[in-house]
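Every chain is named by a letter (A, B, C, D, E and F) in the order it is written, and numbering of its residues begins at 1.
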């Protein structure tokens, strides 16, 4: 996907919800596991996130391998991730579900903001969360954790296909997060998914209004043939938006 | 229980806490499992809930059974629940502890509000929680989850005896929720429970004031015979309330 | 440790974060398990806590032993804890990881405030949390739980070496809590830990500023020899603080 | 399904493995959750089981309801199950995943044998397993558990659609168990499944022989077009039967 | 309890099953949690165990405390347990549910045999289980685990009230284990429990025979008034045993 | 490590236990996480395994990617592993802890035997275990599971650094399994580990004999200075072995 298409996909995905996207991927493509488990926004005020995955994969720590865990080592993989990650990327951390250590703290989060990253998704914890909540970067993780990552894990690779919270994530997949959590959209489905969901959410808004008006659910959500026609007529009457 | 008694029970139960009710059911009736596990209010601002259980029971999904999961099917059990639920009812969803799917979203929640339901209790997740938090209906569940329910579960029955978060719930049982979580009061105990807890909480407030005044816990919480007399004399002096 | 040293340690530890302390204990003393698992501040506004551990140990309940669980019994261990706990102490409750019962409610919390305790750390739940959040005492626990403690546990001893959330805690150990959770500092390491962390956090602030200024992570976090000299020169230029 | 077809299905399913059946249901019908979780044969010597589901559903216990749990009560649902279950049935117990209680002991297992039941499938424990292992009835459950069922659960219904170990099970579904565990075949798929798996296992045996002979996996498992022809020619050469 | 009574209790308890004992304690004394969770016999051939609890309590390891974990240190608590444990005792190890380390290996198990201990009950793992299975001592634990205990835990006390697998255990309580697991009988109930269970198991054997003879469950298990009389008449006819 | 050294290491490691190896790595190298969690031998009769790791890494399945999961595809990574694995290798499968699917069945296990592989280590399940138990290849896994792997996971890479059951495993690491489970020895420590453990196990046998002879544990296990000399004198008297 070229940069123009990616920017377009991000712009469109920014208009739809994580819930709608999982519905689309399940109903249209039979994908049941596109929502990242055990992950929530660290701060309710910065939980809207859209970007493309830059992945880093961890494995359990081996206590004698300082190279792997020392950010000061010139070959550090985490250092490499910090230098390679680009504007609009979401740093996806396969932390092996380690909720009891913090993968990043305030200094590295400062670097991500400086690099114009779109956010962080990790199936593990984060440190310095008091500071992190003030910094404005969307962070989806298992929650706060004081101990540093090397207590339990070490990086094993960057920009590989990874598993994170029970979801397969390829570098370049789209990551969309909101109050409902984070979902992963395969790159080749991003435009189709966004188009479908924009239309679906508009229709759902209409259904919701009908229900609020006392029409009941039956025939209105989902709309049966008669109400679908009614909805489409209503859409046709709207000013172009 | 007739409607007048139920209304009275709801009015009385609205004055007492979930904590006091579990204490009553444990100490007076030996009931140890009346508090719903792994469930919390979705929004701290709308977590006070009292109502009677209208139950729906789910089982794991079978991928080929569209009838069961399609709300558009005329025999949908979830649709039936949406149509039958009445004023003051709490929709109790036995979701088989599926925290990774969302049982209801904004449209169906709109229907519940329209039906004057008292709230929702589910041992599973909810979708569109960003919207849900703005709608004002008390919702006790395992938390947000983007994927739709049919990814994992399908309805199997309504208004049956169900298990929800480790608690047996009969249709018509009273559901009381607050910051401490949701508890279930068997219908035949509701008035007794409320009366007991109103008295107990008044006494506890007195004990708390005594402790705050520096009297210490011993003899004051719980009050021994001497302080109980002192408390009762104090109660007798209060203006009728 | 005498009272003067303890007061000094508390004053110094109050300046550093739980994250920095776990880093110190891991890197300098090889301690990997000093952060209490599954515990979070009950209220984000009162999550800064520093004090010394006063411990109480629970075991699973035996249904026929009223003595152990009745606070009104003169030999109650919980009552003893309430009377012995002193100014600056943190009540550490080894609740056997029972998240489904509440160890303390509003009356006993009032007593702790009256005794000038520094806070509560428990690997179990708390009751009356709506009230507790208004009382101002820092509480680190697994979360809200309506049922009273005796439903599941009973006290077995006070001021013993206990395990709490996977951490060994001796009476007198220092407990430090913030948004990242609660960590335990052995008494003999408290001053060393605080001194190290005060210096480390100052250096990290400098690294963070360098990163924010666009210098990148490499060489600045952690600083290599050249930047360390640069940092130390900068420190030397600061007014005494 | 009439009795003759059911007997035929049982006879055919008795020739195939649980593994082959899950493969068939996944690849041909997109069913991913037909294998019962956390369940294993109580005794390796009696783990081959084929039969049709007779279901009983439990909910968490309510301590004051003796009717529900007392087998001596004339309306006991478990008693009803014991009287209704017929030859070739598998008693499927939705025990709400309670591994810490035993659903049945030696007396009721004696009744099942007397009724010519085909076996037991339960997502909970069993009691008296020392005896049970000598009785010869196939039992798939979570393992041994000394406490009686009423400590935690009570029956809520028989012959309903239930969930057991994460699988939806209708009365009349086929249950097939072997060393790999227990799987559920929807009644309408039983003949098709058995036919497919008999053929598939024959082909796999041929592949296995080719691999054992040193041909390697590539092209032989699964067979490519050339080897499929080779296999089919081999099949054609075999004597009927 | 004096030694004669204890020997009598052990002799009687040796005739009854763990299942019957949990039934007795639940029905006659309302005790729901007397069966040790997550524990099974290491070897099916040596799973019959009856003895009195000698307890040792562990807490999580603190990496700098060699005294606590070094068996070679003269003050080692585990060493003390090895020296104090007596004939007929069951070593009860509260290992804080650490299934990933082995509490004892072949050398210490040799010591227990030499001391004529009745067995081991631990809510953690054991090492050298290949050897252990050949040694004949009943061991109830979570299963095999290669790493030594000090990797995760250290002793904190002996002969204290402990929690083990969710059960409160006092020194001197009776421990009874069989294929169904291990249960704890409070010392003051041991004789009553054994008497009750011996009678109950005799009656259940009669019920089982009746069921095997085709009488069905109703009226026979449990026996109604008529069959109870029939059973008692049968008992009266038996030769004294 | 060259082939001669590797063969020597395997020969030596074959004389020592998993328990002794974890003790060595913990005490001499501070390594606490070298034992693979949640993994046990599929068959007690074939649980002795020593070999070098050939790794394959899985991630969660993406439902639309047949290439990744179809063994018939020429680029299949699992097919590649089957072709590359060599004599004396242990196939190490990072199955993302998926115990509910079977990674390998009887056909691929036949291939491993044909390739003279030393065994299989997987943090997931295996299929066709009835057959597998008759085939003689040591298999350490989470247990039986009927569903095929693609229901949940797909291969992402071979011969990479992986995490398996909480342990970092490099290709070429030594895997040693016995009744206590499977442990991982870094290649550079293999000879040192084996030498240490051979000596340690000899000394422990002496201690065990002393304890069996009634000397007690104190001073004998571990031996103090006096008994160490006694032991060494005994060693010196033994015929060369």
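Criterion: contacts are C-beta pairs under 8 Å (C-beta built on N, C-alpha and C of every residue); 3 or more make two chains touch, one makes a residue touch a chain.
Listed by chain with UniProt protein names: A, B, C, D, E, F = Ribonuclease activity regulator RraA.
Since this is a predicted model, take the numbers as computed values, not measurements.
Think of each touching pair as a link: the shortest run of links from subunit C to subunit F has 2 of them.
Taking each chain's centre as the mean of its C-alpha atoms, the one that lies farthest from the centre of subunit D is C. Among the other chains, the CA centroid farthest from that of subunit B is the one of F.
Interface equivalence for A-F, evaluated over C-E, B-C or D-E, points to C-E, where over half of the contact pairs coincide by residue number.
The distance from the centre of subunit A to the centre of subunit C, each centre being the mean of the chain's C-alpha atoms, comes to 32 Å.
If you average the CA atoms of subunit B and of subunit F, the two centres end up 50 Å from each other. Rounded to whole angstrom units, the spacing between the C-alpha centres of subunit B and subunit E is 40. Shown for subunit C are the residues in touch with two or more other chains, namely 30, 32. Under the contact rule defined at the top, the touching pairs of chains are A-B, A-C, A-F, B-C, B-D, C-E, D-E, D-F, E-F. In the complex of the two chains, the subunit F residues touching subunit D come out as 71-72, 74, 79, 82-83, 100, 102, 105-108, 110-111, 113-114, 127-130, 133, 143-148, 150-152.
The touching residues of subunit F, counted against subunit E in their complex, run 17-19, 21-23, 26, 32, 34-35, 37, 40, 178-181, 183, 204, 207-208, 211-212, 214, 216-218, 221-222, 224. By the touch rule above, subunit D contacts subunit B in their complex via residues 29-33, 58-64, 96, 154, 156-157, 160-163, 166-168, 186.
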